[in-house]
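Please see the structure below; I have some questions.
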Amino acid sequence: MLSYILRRLGTGLLMLVALSMLVFILLRVAPGDPIDAYVNPNVAMSQAEMEALRTRLGLDQPLPIQYLAWLQAAVTGDLGYSIQRNGVRVLPLVLERIGPTILLMAAGLAIAIVTGIAAGILSAVRRNSPTDIGFSVVAFFGISSPAFLTAILGLYLFSVVLRWAPSGGMLTPGAPFSAGDLLSHLILPACLLSIGHAALIMRYMRASLLEVLNQDYVRTARAKGVKESWVIMKHAVRNALLPVVTLIGSTVGIAVGGAIFIESVFNWPGMGLLLINAVDTRDYPVIMGATLIIGACVIVVNLLTDIAYAAVDPRIQVA
Amino acid sequence: MQLKALTRTISVAAFLGATALTTSVAAQEPKTVTGGFDVGPGGFQGNFNPLAATGGFTWLNVYFEPLVNYTADLTAIEGALATEYSINADKTEYTFKLAKETWHDGKPFTSKDVKFTVELAKNGETGTVFAARLNAVSSVETPDERTAIIKLSRPDAGFLATLTKLMILPEHALAGTTPKELATSTWWATKPVGTGPFKFKQYVTDQYVELVADDDYRLGRPKVDRVINRYFKNTAAAVAALRAGEIQFTYVEPDDVSAFRDNKGFHVIEGQSFVVNYLGFNQQVPLWKDVRVRQAVMHAIDRQAIIDSLYGGAATVANCGYVAKQLVPEGLSPYQYDPAKAKSLLAEAGWDKINGNKPITWLTYYNTPQAANVMAAVQAMLAQVGINVVPRVVDTPTYNGIIYAGNPDFNQFPLVYAGLQNGPDPSGLNIGLNAAQKPPAGANFLRIDMPELTKAFDTALAETNPQQLNARYQDVCKAMNTNLPWATMWVANRYGVASAKLKDFVWVPAPAGGPYNAHPEKWSIEK
Amino acid sequence: MSAAVAILGSSKGPTARALGRFVTNRLALAGLVVLIAILIAILTYPLWWAYTPNQIDLRALNKGPSAGHWFGTDGVGRDVFARLMQGGRVSLLVAVISVGISLVIGFLVGAISAFSGRLADGAIMRLVDLAMTLPPVILLLVLASIVGTGIVPTIAVISLLSWPVLSRMVRARLLELRERDFVVAARGMGAGMRHLLFRHGLPNCIDILVVYATLQIANAILLEAGLSFLGLGIAPPEASWGNMLNAARSTSVLEQYVWQWMFPGVALVITVLAINFVGDGLRDAFDPRSDLQ
């Protein structure tokens, strides 16, 4: 177990380095002089000072050496300055956006997991009943509808027409912070974000549970006269959950993608909105900084799910 | 059945959330006016530096103030921070009597601040957009704390209009910063100090700006406690928030007006935009050198049809930069819609050799659905005569970044779709068309250099006789009509919608957001 | 499963058996029929439809569906049906080409990885892991900000994203194959990589490729729509389903001109749904276990 975790940690670290290489290359391919990203626009600099900075940053060096210098700066938290926002440093700008995104995604995922698994169990247990067919149809539509369309329609229906939820933002402007306020802003985008995911989880849960219910030990339990609902909850669901857990872990990346559309439509102040605004204004240092941080987060999350999976499933040590 | 239960749970949860929100707002909240003040073409979200402002003056004017300001009907200029002003006979000396006011941080406002601000605005290092417009200023004198005298080296008919946009800044807060640092200082967005009826409280990045009442404002304490300017990615989002009751005011697209017209809960505000829309020909690319090509563009576009259909008739065809009757002379070429003539003009000019059917990027910062429709219509009309333009829509910062770049790539904007203020003071067009106003000095980013036009502007700006002024601007109009630095399109009406709960609320769709004396201290809101 | 089909199945090759199973899947067949109908419509529409997608008509703005304009007109009087058809062409073209490219990359990377030594295999798979790290939409945004908008950049961006999952599946399949006698024999006889790839690899992966391609086309359509919606994919006035849906951002269009966004929305969802049905049907059909149930 320990050696497995260590091995996974090692690859995670390697991936992070490779990711940083990718980001670095993209940063160099992007139009514009890379030095612009490092000059604090607040500070007036002469041509000579610029050249000195260029030398110090190693921008007159061959690319691999430049990469190492950039990596060193990035590791110490220096991701440069935003071009568009009055010379704000990239790192704090990105960091302050992580919280809202995690909140939105966690809420969306939680809703998706609960509804998806519940619907999956119901569908599998009542296979081919109207409930099953109903859920399956909804799930198919959930998978096949673009996130931004459901977001727009949801916003229109629940905010503009029904006025059940605010039309955007994370907190009421100027109001003192309150959990209720946050929740009222969160619930609609989180529900809309969860749709596609809930559909995916429901389908996996249903298939996985059906398979388990067909297996010998479940039949044995049933034959032994254990109560049906007990069989399902205690034996079958637990085992059927395993592949679903991996699915959830591996779709965090996709959830980030979906969150971008939701954040854009609901003006949610997260990484997605930051990234879209940065792309709109071609603010490359912010784009690259955000990409690096998001990538790092995904790597860490994948790592954690792998470890969690190993903890749940003893077979993994052999594999 | 389960689904029903599920939806019920979700709706109950949503309802609980919504009630939580409404109760938290109702709990003895301070009186707040929330609006999308920087939505629409007059706004400039994310800009806090009045020296760099090319728009957004409605909002800046809530916490900063200029010396003089337009009246809310935009017909005259009256005092603001200056209670009165006088001009000497040869129009070279402006004397301002200053109001007694304190800065938001408690320090007194004096004539020194005026001198400091004018000098700052003249200094190109600050990234100011006023340097060229204040060219005529030779000195600022401060005989006492309440008097400022601005001396000009030559008469400048547009000087007072320029001053309305110059927000007075506090010397005591900014003197320690070098002009170059000021350009991008974080001071503007974190702790700016002004003299207006509201003081800056905070800017929550990309979400909103919050101002609170200035208790000792000289014209009386504001009737509401807070004013909040919410940011929206587009007008549609602001309209959704308005309809959801979260904001009380926003600019709206003409398409949206019909939904509010018959609704008792809202007032529709309509006004002339004072902005002439044009297709701007970049003079640094070889496409538009021949005036026949420019004429062909004019003849190829059915402007009246576009106005009748896409603007619902609420716009006026422009055959030069002006549409106001007193500024438009007799005998202008009307450039009637005539695709055949456009084709023959192109053939004469040898368009096939100049460009032929190659795509031409058509850059714009107008990112509204209506503008997209207008551009699609113009694109189709130009395609009919063999000019293949491809719209490229960017947001305002990117647009400014491209056209004002230190070393601009002219191929990125061979053609633009833009607007420029042509009123209430007609000199507004000067900065975009005068050869002396090429960047970095001014806003003539198309590098238009047409001697006849430049001369007409210079004469008009130097005119000291008010009776002759209109005739001078008629000459400008004539020169534009013949030389076609732009293919002028129209001047459209613009709209805002305010909640009926707002009382004494003043807003007009002024170009670049004004400024004008909106007296935010008088705004109030019913529960 | 009916006995007739089972017998039919066992007497034929695996592909024919899969086909036999597929035709008994009503949902998948319905999807296929809908898909073919949509394809025929968007491919042939210029022959039987009076309007072209970019033809403006300022006298007929925002008109609702009628006998002349089945799906109404948009804000500049363009025919929504014609734009829908043209948008379908663009959306499907982008999807099909990008999936085609990612299919080639995915197969080659997976197969080469499977047939190479341990070291190369490990290196390639780490690369694949890396490509899977970044959330697709993020990478899409980053790439789009560098390469700009338009059909070709959109295709490039989508195809660069879709191959890693496929290459993993191909590798997993071929790793089993590698130890089989005939492959070992072929290698012993000095068969080159090309021989291994196309003689042994490809036939054994065909089911994975077909199923993956089908489902991925549905994904690519959604990705294109999302990109165009954000203004980074297909730029107007070129029609695509994504940028037509963009009109729904305006509340007035959303409420008053329902036909301008509803039809592209319905077309998009139905197409993706149909492809998903077909894809699911194909997956079940290729799955040997489905006979046992």
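For reference, chains read A, B and C in written order, and residue numbers begin at 1 within each chain.
Following the convention adopted for this analysis, contacts are C-beta pairs under 8 Å (C-beta built on N, C-alpha and C of every residue); 3 or more make two chains touch, one makes a residue touch a chain.
Keep in mind the model is a prediction, meaning the values are calculated, not measured.
Chains that count as touching both subunit A and subunit C, per the definition above, are B.
Judged by contacting C-beta pairs, the busier of the interfaces B-C and A-B is A-B.
In whole angstrom, the spacing between the mean C-alpha positions of subunit A and subunit C is 23.
Note: centroid distance subunit B to subunit C, computed from Cα atoms, is 46 Å. Centre-to-centre spacing of subunit A and subunit B amounts to 39 Å, using the average Cα coordinate of each chain. Touching two or more other chains at once are residues 231, 249, 251 of subunit C. Residues of subunit A found to touch two or more other chains are 156, 160, 264, 280, 282. Among the residues of subunit B, those touching two or more other chains are numbered 237, 240, 243.
Residue ranges on subunit C touching subunit B, taken from their complex, read 54-56, 58-59, 61, 74-78, 231, 235-237, 247, 249-253, 255-256.
Those residues of subunit C that touch subunit A in the shared complex are 126-127, 129-130, 132-142, 144-146, 218, 222, 225-226, 229-232, 242, 245, 248-249, 251, 254, 265, 268-269, 272-273, 276-277.
Those residues of subunit A that touch subunit C in the complex are listed here as 11, 14-15, 18-19, 22, 26, 29-31, 140-141, 143-149, 152-153, 156, 160, 253-258, 260-261, 264, 275-276, 279-280, 282, 284, 287-288, 290-291, 294-295, 298-299, 302.
Residues of subunit B touching subunit A in their complex: 1-3, 6, 10-11, 13-15, 17-18, 20-21, 23-25, 29, 32, 34, 46, 48, 125, 178, 180-181, 183-186, 188-189, 201, 204-208, 210, 226, 228, 230-233, 237, 240-241, 243-246, 394-395, 397-398, 401. Listing the residues of subunit B that touch subunit C in their complex gives 234-237, 239-240, 243, 253, 255-256, 258-259, 302, 305-306, 308-310, 369-370, 372-373, 376-377, 379-380, 390-393.
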